[in-house]
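Order as written gives the chain letters A, B, C and D; numbering starts at 1 within each chain.
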């Protein structure tokens, strides 16, 4: 149960509501986000919702039977809009494009990608400065110095930055230089990280776990939301299956299912979803047709020289063709 | 290695070729299909292809390194076209639609589906008369009598029939009444059935196994082709994964990958691929955008009363909307 | 619901019982096996079991809520004993060993394996004469002639034969020469084959499907049982997962779970379960400790020369050591 | 390549070795653990190992072709022994038992578990004070205060503590009160956490990821080792598959495979591996037979009242029986 509280609710009123809900054997959690204040009640007993709903200090009350509550579409029918400033929005009815290299490598590389994005009117650049790598001996990214260098160039060009945050201590360090914090597939259930991202006033994109369920992804988003940050989006990036012909199995179903279950924007990552350059385009177009609100993919001037993920990275020609096709597919989808 | 033989090759010439290839330590298999004659050589040694290729009786020779040979695009660049007669074709550059109920239930049901298909200019009707069911106590289909009844109505309306064949003895029994034999997901590796379908002169659609790999699907097609029947198409219908929010996980990657690996038409089955009515449409549209040459899906006048698969079956309104959208998506794809 | 019928039940009595059960909105299926006669009722309505149970002609009645009925332990507490004759039994409280090559290759090979089994007092020999192979160009087995040759030698040595049957037409052909029909992992849901094996009076071992669930395996056994043949056993042989360090993932849980759910013997196949020679021994011993009633594994005089599965096949030394260890482990298990 | 350096190596000698290896186009990483000093070289070029090996300052050099190096058995044949003090060891040839509740709940609960362990001569107690939970509204553990309370009682009873650390900031906080840091299945690839645990002088147990591969588990251990901490053990706790009859699929193969690939002790967690109380015993015994060096499992005085994981937790009677059986199985295994 989600109880939306009135802005000017008194301490006394709040205590009375908590008492009432507790008496119903519902465990309550008080949630205060940057946009509003809620009481979450978790329990099983059936009760007459009006008995609670008519209490003073409550603006609305909703019964949500899922494990996740605040990210559910059942109470918040209006889709979440993420406003990055300067007119850059991520929202249902739009198609946010986020492109860039797997890893940030150098100033020259950054400049070339930015030029490519500007040319094609793409407003958000992806890239990793902290890279989670299976082996401790692999390149682990340029770190915050790389991020600062990137920010300088991106900011000058009016490009927004999305990049992965791997641990709590990086949140503050990166704060000034990022527009979207990305939670990677290996950290989808790093609950401490999620908790802390709930305290920040910048948007967060959460990738689905390597073999995470759709429900787990929504529950991870619930962590961030209930810790205070409503500026959230989800990302389908393929799941681990027995099939070895592709790096992951892009779960196209998940895009359609998430669009029904949550009010949060849903982004598709075809680069990781299929993991092979030739197939990024058809998979990306399919994801848009399935309902994705945006696409994040990897591009690099010379993919064969990229520090990481070269096999799934598009060169600028391929990227430009993809952008144009995605826009036409999106346009058709919206007209259907 | 695939050696295409000339039509008028002599027995002596053929023997000499086999000797030559055997001397290279390649295991040879003679293949005679309804369209041509081939020698397949399986081995590892490298050799100068011209030494073989210049022998008398050979029209062409190709090195194919995959486990599957004849279904590979590496030797046959021109896509396979399946001609069902009366102008009904399944081919690259077209979008074959196959719709109908999970199970054939009654004459009345058949008539209603046919009327729906005719109205929407869909030329191929799906439906099961032999139903593979996990439990022996479930409805197992109307059998060949049901098929005859169906054929009578479909034939009168100019509608082609695709239906599942479960065992060798049914092939002959069904022959007069089917236009496409369907091999179900539980029979993808029923090699005896595949062998026998290779001897028939009607098209075969092979569904991917419940947890079959893309390579296994191609190898199963190789069985039918090498046993004589080139009129083949493949069908992606979702795979079994850990995710329980959908019945199966539609492998959108597989559609793109199959289109690159084989000259056979690739059909998508979104009904089984996602298994939930609400999501059939977005998944179907995504599959077309990923490159599918056709879509097979379930529709029924009253899905909630269907003998089987009601939860993933569209009613006629939903089906009509889907057909119209699929045609627009296909049109866009071809224009990109 | 399972209604066990009395041996001398009259046609009239049976009709009355069916009427009664049908009136409860239960779908009835009459089952006549080589050992008894049953009525299976599938439905959902609750009712007083005594109303049915007291009718004439009924020896016992049981409520079983699972999809599978006759193979459930809920009604038949006493474990099924499979008697192969000459004192060779497969049963709870025993440890049946079945060893031999993947493929039957030659008379010499057969003789060597038989000598190895006789030396070690192993009574059942495994081997394939019909081999399901992914590629049509691979060795597919010596067929029924190979089986006859094998039978001659095995019979003379007092060794029982278990071998895979791939299609309905082979059942009769193989009948005289086999002691146990094996249904392979690709045929676990070949329902026509299961139906026909229900009409035979020889034991059947059903392997779990390549990605089959435990419930599907039990339902497949239900097919054979309800078609008349109670002489059944199940085999866990590893499942397909994302892990590529082993050929399959041996599902040790399944052994423990099956032992609780069904009265049928449960056999473990560590050769396929792990697929790498070095690990067959520890996995086999683990399976016994988890409760397996028998073990089937691959052995060959020279595994590196075997026609198939050499990488997971033990040589005779390894096999002998394994046999001795399995017997000690089994002895301990029974003493715990 | 692993180059073991001599204890008294000079800075100059080290620089010369790095130059030499770098000249071979191998990327070098200097590793200094609590036990020794190494240079890791990652590259592909073949070279004469003696050219490097004979340089001054090198005590030994090993070619290891895997992605993981220092945790490989290829260079360190002697198994790692973990000494917790007071004669409590975790090592090959022993069987370490770690038992206790899922969550630490109260002083009373702690005392009862300790009494049970003392009675049965179990020296290590498990329990969670920081609980990773899918939902933010679930019980998340008593935190460090709970740990202190637990430590007081355990220390007095001579019982060692293993408990999960979820984030970097907890490492120091927990340091005084833990004997083994546990890295949970959701943190197996939390590389920052692994890095920091490499700087601690207390043992670490790393659980396999929820759908982690064996190679990924070894690579995660490589993180900790290469950051300085050799006191490591690995834990197989079941993997995520399509099978829903058990909570996870215990990968019995992994135990046998890990024992061959690494010198680190391998622990089995049957409670999570199967997730159902009735089956913990057979699965635990199977894991020992497959080669596990220890078993960690859940026990609670009243599992049905446990805050978490009650369905897979043994009561003290069941636990005592299991302990006795595990000891007999272990004894047999060592005698084979």
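Things worth noting here:
One rule holds in what follows: a contact is a pair of C-beta atoms (placed from the backbone, for glycine too) under 8 Å apart; a residue touches a chain by one contact, two chains touch by 3 or more.
No experiment lies behind these values; they were computed from the predicted model shown.
The greatest centre-to-centre gap from chain D, using C-alpha centroids, is found for B.
Should one ask which of B-C and A-C has more C-beta pairs in contact, the pair is B-C.
Separating the centre of chain C from that of chain D, both taken as means of CA atoms, is a distance of 38 Å. Distance between chain B and chain C, defined via averaged C-alpha coordinates, is recorded as 33 Å. Chain centres here are Cα means. That of chain A falls 49 Å from that of chain C. Residue positions of chain C touching 2 or more other chains: 211, 215, 240-242, 244.
Of all residues in chain D, those touching chain C in their complex are 211, 213-215, 238-239, 241-246, 249-257, 259-260, 273-274, 276, 278-279, 282-283, 285-291, 325, 328-329, 332-333, 336.
Of all residues in chain D, those touching chain B in their complex are 211, 240-242, 244. For chain D in complex with chain A, the residues that touch the partner chain are 27, 29, 40, 42, 67-69, 132-137, 166-169, 186-187, 189-193, 195, 209-211, 215-216, 219-220, 222-223, 226-227, 240.
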